[in-house]
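Input: a single structure, listed below in structure tokens.
Read from first to last, the chains carry the letters A, B and C; within each, the first residue is number 1.
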Amino acid sequence: MNTTINTIMSGRRKRRRRYVLITTILSIISLVLCGLMLYLGNTIYTVEQIVRVLTGEQIKGASFAIETIRLPRMLAGLFAGFAFGLAGSVFQTMLRNPLANPNVLGITSGSSVAAVFCIVILHSNEFVIFIASVIAGLATVTVLYLLSIRKSFSLGRLILIGIGLDAMLGSVIAYLLRISSEYDISKAYRWLSGSLNGAQMEELPPLIITVVLCTPIIILLGKHLSMLELGEQAATSLGVHTDKTRIALILGTVCMIAVATATTGPIAFVAFLAGPIASRLVGIGYSTAVPGGLVGVILVLASDLIGQFAFETKFPVGVITGILGAPYLIYLLIRMNRKGDF
Amino acid sequence: MSKSLSLNEKPYGSPTPKHFTIVLILCLLALGLCVLASLAFGSRIIGFKELMDVLFNTSADSYDSDVIKQRMTRTVFSLLCGGALGIAGALMQAVTRNPIADPSILGVNTGASLFVVGGIAFFNIGTANEFILMACIGAAITAVFVLGVGSLGRGGPTPIKLVLAGAATSAALSSLVSAIMIPRSNVLDQVRRWQVGSVGGSSWSDIATFSPFLLIAILIAFLTAPALNALALGDETATGLGVRTGVLRLIASFAAVVLCGTITALAGPIGFVGLLATHLIRLMIGPDQRYLIPMSALAGAIVLTVSDVIGRILGRPGELEVAVVTAFVGAPILILLAMKSKVRTL
Amino acid sequence: MKPKHQFQAEHVVSGYEHRRVVHGVSLSIPSNRISVIIGANACGKSTLLKTMARLLKPESGRITLDGKSTDQYPPKQLARIVGLLPQSPIVPEGISVADLIGRGRFPHQTWLGGWTKKDYEAVAEAMEIMKITELANHNIDELSGGQRQRVWIAMALAQQTDILFLDEPTTFLDITYQVEILDLLTDLNRKHGTTIVMVLHDINLSARYADYIFALREGTLIAEGEPSKVISSDLIKDVFGLECTVISDPVSGSPLIVPIGRHHVNV
């Protein structure tokens, strides 16, 4: 008995150490990238200058570049990346399939439609955009759910319907952009491919508040989420309120996705990639929510830096994540098909 | 054996479908109305009387007649494209024995777009024939890739595997299209067509370029239709009936890919037309390929032309690209199919 | 020894959206014994089991535990008394055996807390009972079908419930593993007094391992009792529509069904 306990303990300790180590490393990389977002640009300021600006000092030139351009850009990337990564990995765990993520299922498009509508037609302020995109995201989930419940739930059906919805909503976005005025188009263009360009400080509070509020809830539900992984029947018989848990998780993640989408536009593949990468790194058996969020941050910030500085032309972050993410998606598909997951 | 939704109900070489004549007449009537609507509607609406005047009184030389001439071109072009998309959709569904196969869902259109845009950017291609060549290569490579990825594993190419492989590939390729286009913003408008398909910029020379391809593909489609009926019964049964399934698949896919490539080269990626057309027709006359393929062509022409008219009305004073409209009216078919089908067949 | 519980189904009617499968079954599960529900395919035995394990809500009637309807218990509290091994559980890819079994401790844990000493003990004990201690830190993907099934049962054991429902715990297993699993379950019952209720396909193994049999036909209970008293050629004819003779199992003395069929009959 005791030897068994010791074996289990040592195994768990080893896995725990790996989890903590990886999460720490991911946090450090995220911080470094945040620093680089502030440091790199047309003019390079010294670290000391940057710190002085951040602590509120006014320095000619530096204050403008850092406070109005680089800082909002960095914060938008940080919080949106975290939101996409965390929400994506929660979705994947909950639906037990790496391909089931808010992008594929049309939830992001639902939020985008509302956000674009608010911008180009109603010319609303940030707060209205935020509320509308959350409601639209939740409405899309509801429609998706209502359409896909038949006699029995099938993930395949859910994904097919999601892809169909996504195509329809995509055409609505295209229509809205077409009838909008020239001036709005540039502002709304980010909905075609996510971008951190033109992120402004005033736009950020809803995003930051949502991430700060939703993250603890999702972490708190981590254990319940890992029960859902065992399937409906096993989870129920272990005493989990499966419906309530799912609703709480969906509410939390859709809020995050919707607000992040309203702020930066849909950044391709981040929600999809973060979960699998995180679970590869930290090993299975642990919640990938937080590491997934961190991977999301790294993907967004690193891709944005690449998009800004690696080529002559500046690419929006969504194009870079799209190109980086697609081969992985295809690799994953091949692996899943081989194993016969579908 | 994996059963597709309804392809395999009729035996090899059955009699004419029940409502065939009625459906044919209805489709022809609808087609006629479409053509009239396509000539009449646009940023400027032309009344029925003026329309008739111009059509049957060639001497009439007015502003209206110029507008109508212009619209005539795009109407003919959209009829041909729609027909071709209908045939391509029907062929792909028959080859994969899979009800959701459609060039856009499988990413084939995006593949064709990428090659055209890449060709313009890196090899300075400029003539229609060069576009078509590049587009066909792109379409073929993508089709092979998506079908390959989607057929791995148990059960062969199931709808869900194909859709996912197609969606993933398509997303990847469209990122590449954006990446090629963004640094060349000066030509953005010129190449925007290969991001969202439109029949607006068509000319008679496009139609002339396109027609031979269409004719060859139609010929192939008609010749292979009886064998495709046998294929619907499953590979083993088809082989038993004397069909060389490998060769058949190759020829039929070749026709489909050439059609998709040519359309994408000339009009840009247009999705969901084949899906919508074939399923409307199948609903009415059943799954016999010998009737399904030609009728799908008819239905495809109607769908695309109507969509183009809708796009012109909604997008006034400009116009909304036809691909935007077809996605909106065609995607629900995918949703309906997913809702209707049994879990097993996914 | 596990405490005695009264677990009863009262006039339970249950089924799926448009199809009623169980038509008013009343039964009382004998405490601290092994009960087996038998019946032909689609007779409602799995549905009955799922309804008793609260995976399905009965259309009418109720399930009671110690006189109180099970839906009045908080789910976690009930999960500390009644456990279920589903027929086709889902395995999270790549999880380690110990971690998976540890998930059975959920009803005993708080929202955020880690594993307590009790959790470790329960997992270790479950692994010892199922004889899989050496697999503790293995990846679940590496295991064979028989080993996996033992891991799953261990997870249900780690839940440390007094009553354990198992839905066909031996399907898809070779006969060797089938006997092994049933032996292990019998150990569990004899040593700890866990009440076991399972659905089994194999009538002869049921007759041998069950202390008590419930026979179902078309959603109604048509016989119950100890195997030696209940199982007869008439009952088998009634339940499965199969002509057979019943002899005494030379190994255990329990009833053994020998089907007759149309060929190979020496009269």
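Annotations
The rule we apply is simple: a contact is a pair of C-beta atoms (placed from the backbone, for glycine too) under 8 Å apart; a residue touches a chain by one contact, two chains touch by 3 or more.
Bear in mind that the values here come from a model prediction, so they are computed numbers and not experimental data.
With centres taken as mean CA coordinates, the chain nearest to the overall protein centre is A. Counting C-beta pairs in contact, the chain pair with the largest number is A-B. Taking each chain's centre as the mean of its CA atoms, B is the chain most distant from chain C.
Distance between chain A and chain B, defined via averaged C-alpha coordinates, is recorded as 34 Å. Centres computed as Cα averages put chain A at a distance of 42 Å from chain C. With centres set at the average Cα position, the gap from chain B to chain C is 55 Å. Those residues of chain A lying in contact with chain B across their complex are 99, 104, 147-148, 150, 152, 154, 156-157, 159-161, 163-165, 167-168, 170-172, 174-175, 178-179, 193, 268-269, 311-313, 315-316, 318-319, 322-323, 325-327, 329-330, 333-334, 336-342. Here chain B touches chain A in the complex through residues 100, 105, 149-150, 152-155, 158-161, 163-165, 167-169, 171-176, 178-179, 182-183, 196, 271-272, 314-315, 318, 320-321, 324-325, 327-328, 330-335, 337-339, 341, 343, 346, going by the rule given at the top. Put simply, chain C touches chain A in their complex at residues 16-18, 50, 53-55, 74-80, 82-84, 86, 89-90, 92-96, 98-100, 103-104, 106-107, 109, 111-112, 115, 120-121, 123-125, 127-128, 133, 136-137, 139, 155, 159, 165. Chain contact summary for the complex, chain A toward chain C: residues 1, 3-5, 7-12, 14-15, 96, 151, 220, 223, 226-227, 229-234, 236-241, 279, 283-285.
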